[in-house]
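Labels run A, B, C and D following the written order; every chain starts at residue 1.
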Amino acid sequence: MTVTALLFASYADVLQRESIEFTLPHGATVSDVVSRVRALPGGAMLPPTPLVAVNHEYARADVVLSSGDEVAIIPPVAGG
Amino acid sequence: MTVTALLFASYADVLQRESIEFTLPHGATVSDVVSRVRALPGGAMLPPTPLVAVNHEYARADVVLSSGDEVAIIPPVAGG
Amino acid sequence: MRTAIVDDVIDTAALLDEAQRDSNGAIVLFVGTVRDNNSGRLVTGIDYACYGAMAARELASICAEAAERFATVDIVVEHRIGHLTVGETSLAIAVGHARRATAYEASRYVIEQIKRRLPIWKREEYTDGTREWVDPTAVAVVGPES
Amino acid sequence: MRTAIVDDVIDTAALLDEAQRDSNGAIVLFVGTVRDNNSGRLVTGIDYACYGAMAARELASICAEAAERFATVDIVVEHRIGHLTVGETSLAIAVGHARRATAYEASRYVIEQIKRRLPIWKREEYTDGTREWVDPTAVAVVGPES
């Protein structure tokens, strides 16, 4: 299956991209996506367990993904 | 000496006046003015120790007055 | 810092501007308005009366205390007196501060002190034509107090 | 109740009006502005970036929670994104309520949840020409946070 990872702000700068498509085995979880991102050049700067949202909603690392899911890796937020 | 007592809101309504001049002996205090007001028709509705201000500043009942002082008897405030 | 007892419409936007400063990151504006009900009775308007000279002095004191306690000079307060109809603004408090938490605290301090100390009284007018001085120290029968 | 992520100037006066209701006696407006300094560095402007679809959803959730928790539907929030200069308004939260204490509490709830959950990021621009993403989880070197 295919999922899209989204990167923002400092994460997008360091990894030099805003989205990445990954092909993953069925049963893959949020943490699998984080691991794949961390394996990319610059990915080591990600914290061990970054905030993640799946389809616009905060999600835990063990959430199992479905094909087409949008997995956003969220840097520390700074709204207001 | 002469002092002026001021009345406001419900107190002015009940006593049917907004200010009263009193001639008092030297050494008279805030509570003497309150007693004089309470002795007037309608004055019994004043609480035992109403809030009082002397010359625009809250003052205790035992404050000794000077001639010309403005003694305001303050109903429960309701600003805002 | 500026305080005033006014008898005309309060321009809340102007107060906001006045409390703004480039080194501030937060402004908290409190606006008090005339409610259409109180203690279960339907209100059509309120007459605000005040002890003018003392109210001006006391309001200035409250804001000077807040300025010192919360370390900001960006405090602007106007209290309106006279006859107000439902929905009109009787009070506006604008506080600017570098920190939002302190802006909220300073704002609360000013309104609570006003409610406790400012020599202003209100006479509510009801739909049945009667009117009555509000006594906040009396026990409320029904409904919240703003 | 209305929430929006906007890319144009926030009209705080309009938000105040929107949160007003004749049965309310209090409106608390929080305004967040771009400060000219942060952690001891001089700031000239801020770029606000956001995860648009999620930010809109999360902001609406925060306000729905506040509406239920504090029993008022009179909550209006706008967060601006894009490039803002010093003194400009990035965020406005207007809360109307019958009781002032609850209006303040609801306002605080909304701003604290925004600071914690809203997927918005800011890149500060400094007088020396450099710019940097703000990380509120990093230890502050100098100066308060708004």
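Observations
The definition used in the following text is that a contact is a pair of C-beta atoms (placed from the backbone, for glycine too) under 8 Å apart; a residue touches a chain by one contact, two chains touch by 3 or more.
What you see is a predicted model; the values in this text were computed from it and never measured.
Between chain A and chain C, the least number of touch steps comes to 2. Averaging C-alpha coordinates per chain places the centre of chain A 26 Å away from that of chain D. Centre-to-centre spacing of chain B and chain D amounts to 49 Å, using the average Cα coordinate of each chain.
Centre-to-centre separation between chain A and chain B, using Cα means, comes to 73 Å. Shown for chain C are the residues in touch with two or more other chains, namely 32, 100, 111, 146.
Residues of chain B in contact with two or more other chains: 80. Contacts between chains, counted with the stated touch criterion, involve the pairs A-D, B-C, C-D.
Chain B meets chain C in the complex at residues 6, 8-10, 13, 53, 56-58, 72, 74-80. Chain contact summary for the complex, chain C toward chain D: residues 12-13, 16, 20, 22-37, 86-87, 98-100, 104, 107-108, 111, 143-146.
Note for the complex: chain D touches chain A at residues 32, 48-51, 53-55, 57-58, 79, 90-91, 111, 114-123, 133-138, 146.
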